[in-house]
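Each of the next two complexes has chain A plus one more chain, namely chain B in the first and chain C in the second.
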Partner chain A sequence: MPEMTLDMRVNGRKVTRRADPGQRLLDFLRDELNLTGTKEGCGAGECGTCSVFVDGKLVKSCLMPAAKAQGADIQTVEGLARPGELDVLQKAFHKTGASQCGYCIPGMVMAATSLLREAPEASLDEIKERMGGNICRCTGYTKIIEAVALARDVVTGRASPAVLEPEGVGESYIGHNVRRLDAPSKVTGRLKYAGDMVMPGMLHMAVLRSPHAHAEIVSIDTSEAEAVEGVACVITSADVPGKDGFGVFVHDQPVMARGKVRHVGEAVAAVAAEDVATARRALAKIRVEYRELPGLFDPEDALRPGAPVIHDYAPDNVVKHIPIRKGDVDKGFAEADLILEDEFSTQQVEHAYLEPEAGLAYVDADDVVTVISPSQNITHHRHMLSEIIARPINKVRFIMSPVGGGFGGKEDMIYQGMLALAAMKTDRPVRLVFTREESIIASAKRHPSRVKYRMGLTKDGRITAIRFEMLSDGGAYGMSSEGVMRKAAILSCGPYEIENLQVDTTAVYTNNTPSGAFRTFGGMQAQFATESMMDIAAERLGLDPFEIRRRNMMRAGSLTHTQQRLTSASIDRVLEAAEQASRWEPGAPTMRGPMRGDLGGPGTRAPCTLGARFETPKDSKERVA
Partner chain B sequence: MQRKMRGRGVAASWYGIARTATVDRAGAWAELDDGGTAKVVTGVTEIGEGILTVLAQIAAEELGIRPEDVTIGDNDTARSPEAAHAGATRQTYMIGNSVALACREAKARLFAEIAAHWEVDAGTLVAFDGELRAEGTNLAMTMAEAVDLCKRRGVVPVGAGHFAAHGTGLNPEDGSGAPWQAYVFGTQVAEVEVDTVTGEVQVLGLWAAHDVGRVINPRGVEGQIEGGVVQGLGQALMEDYQTANGHPVTHGFAKYILPTALDVPEITSILVEDPDPLSPLGAKGIGEPALVPTAPAIINAIHDAVGVRIRSLPATPEKVLAAIAEKQARAAAAREAAE
Partner chain C sequence: MLTFDRYEMPATLPEALALWADAPEGARLVAGATDILPWAREGRAGDVDLPLGIDLSRVAELQGHERHGSRVRLGANTVWQDFLDDAQLARWLPVMPHCAVWFADDQIRQQATLAGNLVNASPAADGTPPVLALNGELELCRWAGDHILCRTMRVEDFVTGPGATRLAPGELVNSVTLDCADGYGASFQKVGQRRSLVISVACVAALVKLDETGTRFADVRLALGGVGPVPERLRDIEDRLKGEPVDTRLIEDAAAATAARVASRSRVDYRRRVVPGFVCAALEEAAERARVAQRKEALHA
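Up next is the complex of A and B:
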């Protein structure tokens, strides 16, 4: 590659390197200078994790060629405070608990630093607006905004620096707001995630992914790719020495496609090379011949007789069906004064953790195959990898690196197997870092769902029977579908004691992006339907939404939908707590908004109109309240 | 109808703690170390939920030292006991209780030596925040001195602990079974404003009341609720992963829209404590349950504001506008029919 001498000042020190001038400033900082506090969340200018100061101006370093920073004065998150110290903003982040996974946090701290430099008196609305270009998936932004406001108050002298000190402990550390112990490492960018780690002699991996949703693999020819200078190995499913297959419940997914591909983005082969660019170049030289197969893209189609079969072991395309039966639904519906029928659906959702998948594997001196990655389940991954590579379990080691957001999306072992195989084949450490696009197309999503609902109630709002039927698109592989269907079924009818119910949840295979574990594991999809039905019923019966829930809620001694006897049920307490805190005005949910007297009070914010924060709120008279 | 319409909605929820319909288990090791510090070894690390801080608080409380004196490792299948997965709202419950039990064993070893040294009953010893004393006496020393003394008597104060949550499998015919031993409940109220010209929905306020069992770190719990609520808001109003014939079309953040700081309502968290009677700590969990009621509360609030029921998520501006138009057309048809 062409090289030039790049000169800049970075965090106050003069830096001179011969480097590829076409590389991004982000890569120059991370790879050449090892300043890994600057993160790559998207590589496309859309998340803010890569923010640095260039001549005092905040820029997204993923969008700037390194050559454009020639001669510039660069400040990264590592340069904000002296080693071992925190500046005011960093202390404020520590104090409020603003960092969770921490992956967005260096970028947030940089954006907030810029804000306080340019607008030290910023209002809350202005803080939100100026931080609006930085994505955080963990915190809900609330404590980040609180931290920025706190730092602003200290910087402007409105608050004493003492507010940044930890709270004194009383008689116990339980129930105490101990500041997060990991916060200093996150607000300074010091914490190393898997993609920040390097080992001597390390190779870089790139993955060839399927362009087809459903296709037979006729042949794979890797010879040309292997001949590329700088390529250490190319691996395919033929390199798997043991029993190929992983999954949280059924092991139906090969480490790389075996015989056929089942979704766009599925791994087909991987290259390990001296650098990422070489690995990517070599990918283009792998010849794969596909024969396209008819695909399944809708879960209802998957159940039709004669539908294409995605996995031979499941000729009906069903991943899992969970039935729950309690009481006698026919009797329950016969006793009802009102029967409601409705349908609900939820969409496929991306986890969007800010840290894309990344991992580093090596074989140690004792022949232990070791994988460092932000895996959400190292215990299970170790079991699966030991079978895949046919080595005893104590010769397989998983190390869980700090996870830059997971939400269930890092429970699937979708890349650790490839890393292990390449490390075994080359006897060198191998690292893989997903691009954002790879992360989105190759990782599991929240199951989309369709629910058919039938609910019978008496005039006074007691539910007499429920029939609940959910169909979910599991996508190309089983992943967590079985467990998600089970949890959806168990929780389906909500925190209510229902005497008669019939629940069925089913996940099917299609050729869509796989669905898997995602925070609530089916619980939110199911209860979205139930909680919508509760309000529909309340409207029809003229009951307050809290009241109809109380008339049906579980209590100590209740039998759950799976006929488990509860020893306690705090639903009465949380209903009351929410009702009181929100100053809820009782009444039936019949488009009551225009008449309500409880709107716009404490606990609400003003609506925002972008860019209008300096105007007088002229639409205030339009407000209903 | 006025342009900006407001309304409120509520949704309730429930959730089970730890792995479903199976025996969940975890283990941990602890050692009271030199200087009155401690080492705690578990198989987990931080995924952002604050587990390391929670474990340090638990260890500090059990051992009588300070959270910052606790070192947590090792997140490693070859160096630490089984922890299983960082998910299922199980970390505080499973690992937290394992750590508490491991620390109790380590502390018992230390207390036995100190009690023998002071010639008092071990039951009279109390340690907190780095100080150890025997109740009813004026005998006291620092935990650093205590560890030193214990070791000079030939005892290294180590402990191991494990904890199990006994769920049972579901009957394959009727689904009966006891999938969890601990349950939590939650209720959220959302207040929204609907712009009837653009269809845009803003969530202005959100009240979230959740039973989490015994609260270990209130700020940490709030952080989990706030994060869960905003993910729920994203799913309710904007997020939508789409494919066309299996080809992803929302493969970057320009196309896959996520909530930003500007979308966030004021969030009021109310922590309700119904301690778990089956575990040493009494804590339950909050990671997943926080998200469950958000979307239905928002959708119910939209109905309250403009009288339309969104049955298919997300409630995008287009969908909300179409529903309003359909409602108005229905009302007009009904008026005509009445005339």
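Up next is the complex of A and C:
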């Protein structure tokens, strides 16, 4: 590494360091100065979690070599307010509840700060435009934009600073704007996520991942990597002392590939070294010999006779089949005036939480193997790790770090085992921070699903029977597939009372990226099919789409698909609220068209465009266009 | 992950060119760095260790801009945000703010240079179409042992294919010279999967000057990006419109022909539908803005 003396003023203090001029400003701030309020979400300039001011201009510090900031005045989120205080924007974020997981929030606060400095009178459209470089995955942006507008009004004198103060809650918290307890730690960047944590003597991990979807591992030679200066250890599945295997339902996934790889991106080996660059260089020296196997990439193919088998324990490639039977579907279809059949498919979706997976493991003085990570399932992970490393449960500890967005994607123990093994092998703390690409390639996805639907209805819109058959691509490992299939089955036919139904949901193994938990847990895929069928049925029967739903909806006393007697149901109120909010124009879908009266108008979003800043009059500065 | 064995920050053009002339194989010039850092990541170039990075951001000769008659010379370090923040530049180059606002985002525009965008020569570069429309020319300089040797080249000739240019070994872009288009109305149309930080599926830059009556095209400049290996200037359509009345049907008719210009490797049908609409919208918006500019000028006169 080259070295150069870097001089900057950072948050008003002079800073001089001998450092690599080619490293990113982001790394310089985080690693050399421990200013971890500046986050790394993507490393490619897409997400804005690393925004900092350089000589008053907001930039993405992951795109700036540190040398470019030589002699510059740097302001990070830590420099916005004095310790223990919040500035106007931070208070506004606190007030509106703009921070959820909090990982994007320091960058958002910085982008908003830049906005209010450049365009204090910005309109809502201009606020959105100027915040366009920062991504949030929790909020849907509404609360963030609300916070910026609130701060704008205070800064420009349109609103009193009193609007930033907490609201009284009176008798009950319900119905009141209650501020989040953890917001100040997030809006100031003080909160430490796992990737922000450091320990003395800490090693850095990098993971070698499979380039193949399905291949036998003939041999792994780690000797050259072990010999690299700065490498503390290399681990493979051979380092697992106990019973290898984890998963939310079935423990079918080894800590690292054992004997074969089942998807592109599966962990094969890992290096712990003095720094990330050394660990990554050593990875390139691990020699893995693979023998490629025929792969499965479509769930239908997985069920064909003679299909390649992905897990020996499941020769039929089925992860889980959930059947539900209620009433008599043949009788129901016989009673129908109209029978509709259709197929629906939904795609794989990535959670894309702003915080990539990260963890820190160490063995404490009492030999307790400790893993700090944003795990969404620490107790289960603790139990599984205890088996994997063959230590009693009281010698295994999991600490849940703040989760910078999970949405189900951090339920799987896909890296905590490797961290524990490396910490045990080296007796040093080891940290692993996924790159964004690694997070996408290795973490679970929403199940891609196909639903074959058959629905029988009477002329007046009553559903007489449903046959619902879902095939989901579970990918290479079971993860949460069983639960997702269960939930998809339970929710399959929607909030409607169906007397006769036959539901089958099945997840199968393929060599695609594993599918796992994701918000709605199978419900979304099922509802897409069911609600589409309801709309199609309304059209065919000449009924109002709200009306056909009312005719079938569950009520107090209804029997659910799994035959639970309901004592209450709220779908009637949901329909009413949706009808009012959308200013719904009653009528069958076929009666409608481009002339419908409920299109456009208030509450309807205009098409996206940019250039709002050209419209806002600005007194202080000449407009440029 | 991008690492450099050496990272140099020359302060003058001779220093930069001398370093570049002697640079080892694999050395790279670093302008805004907003493309090179994402390039060195998994799925693209992977981990890259470069023997030398020559950072141009402190080279004095590459800063600033100056107007010479009807042309403006932009130093190669001119960044995209300058077209939004510098009112004079915006007046001279009325298409650039409209393009800039669609270019990456406010933060990346503080670093990303116009010259870097041209040199990267992406078929989807947002910067190339407006530069073509403004008859852009590059000054390419190299070190000839004891002095600097420069040549000029039209951007139209410079970009030869995806990522390919006529930049010779040892050369760097010293400046970009553009037509000043005071009094023109301008428009930039772009579609991608979102607003900010998105690669164009198609983009169009248009400039329109009206005659003194405000009803006829006195001059039209039109260029298209994202739909073929290199962005291109649509001279045939410009010629067809020049001198003609500003008429919706004429514009639509002229725009319809642009569907045939789509020569991309993917999404051809989509692009063929979107491009004529964009050309229409760009011409109409540019003509409207030219009318507004004309009215403003009349008020001031």
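The definition used in the following text is that the second predicted complex is superposed on the first by the 599 of 625 C-alpha atoms of A that agree within 3 Å, B and C clash if a C-alpha of one lies under 4 Å from a C-alpha of the other, contacts with A are read in each partner's own complex, and residues count from 1 in each chain.
Here is the rule we use: a residue touches a chain if its C-beta (ideal position, glycine included) is under 8 Å from a C-beta of that chain, and two chains touch if they have at least 3 such contacts.
Everything numeric in this text was worked out from a predicted model, so none of it was measured.
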Quick check for you: in the superposed arrangement, does A:M64 touch first (chain B), second (chain C), both or neither?
second
After the superposition on A, what does A:C608 contact: first (chain B), second (chain C), both or neither?
both
One more residue to check, A:G557. First (chain B), second (chain C), both or neither?
neither
What is the contact status of A:E437 with respect to chain B (first) and chain C (second): first, second, both, or neither?
both
In the superposed arrangement, which partner chain does A:V276 touch: chain B (first), chain C (second), both, or neither?
second
Taking the superposition as given, does A:E129 touch the first partner, chain B, the second, chain C, both, or neither?
both
Greater chain A contact set [chain C / chain B]:
B
Which of chain B and chain C A:S51 touches, first, second, both or neither
second
Could you tell me if A:P2 is touching chain B, chain C, both of them or neither one (first, second, both, neither)?
second
Can you list the residues of chain A that touch chain B in one structure and chain C in the other?
44, 46, 129, 132-133, 437, 441, 608, 610, 622-625
Okay, in this complex, where on chain A does chain C touch?
1-2, 4, 20-24, 43-46, 48, 51, 54, 57-60, 62-65, 67-68, 70, 111, 114, 129-130, 132-133, 276-277, 280-281, 284, 435, 437-438, 441, 608-611, 613-614, 621-625
Spell out the residues on chain C that touch chain A in their complex, using ranges where they run on.
1-7, 9, 30, 32-34, 37-38, 41-43, 47, 53, 55, 57-58, 81, 83-87, 89-91, 94, 97-98, 101-102, 104-108, 110-111, 194-197
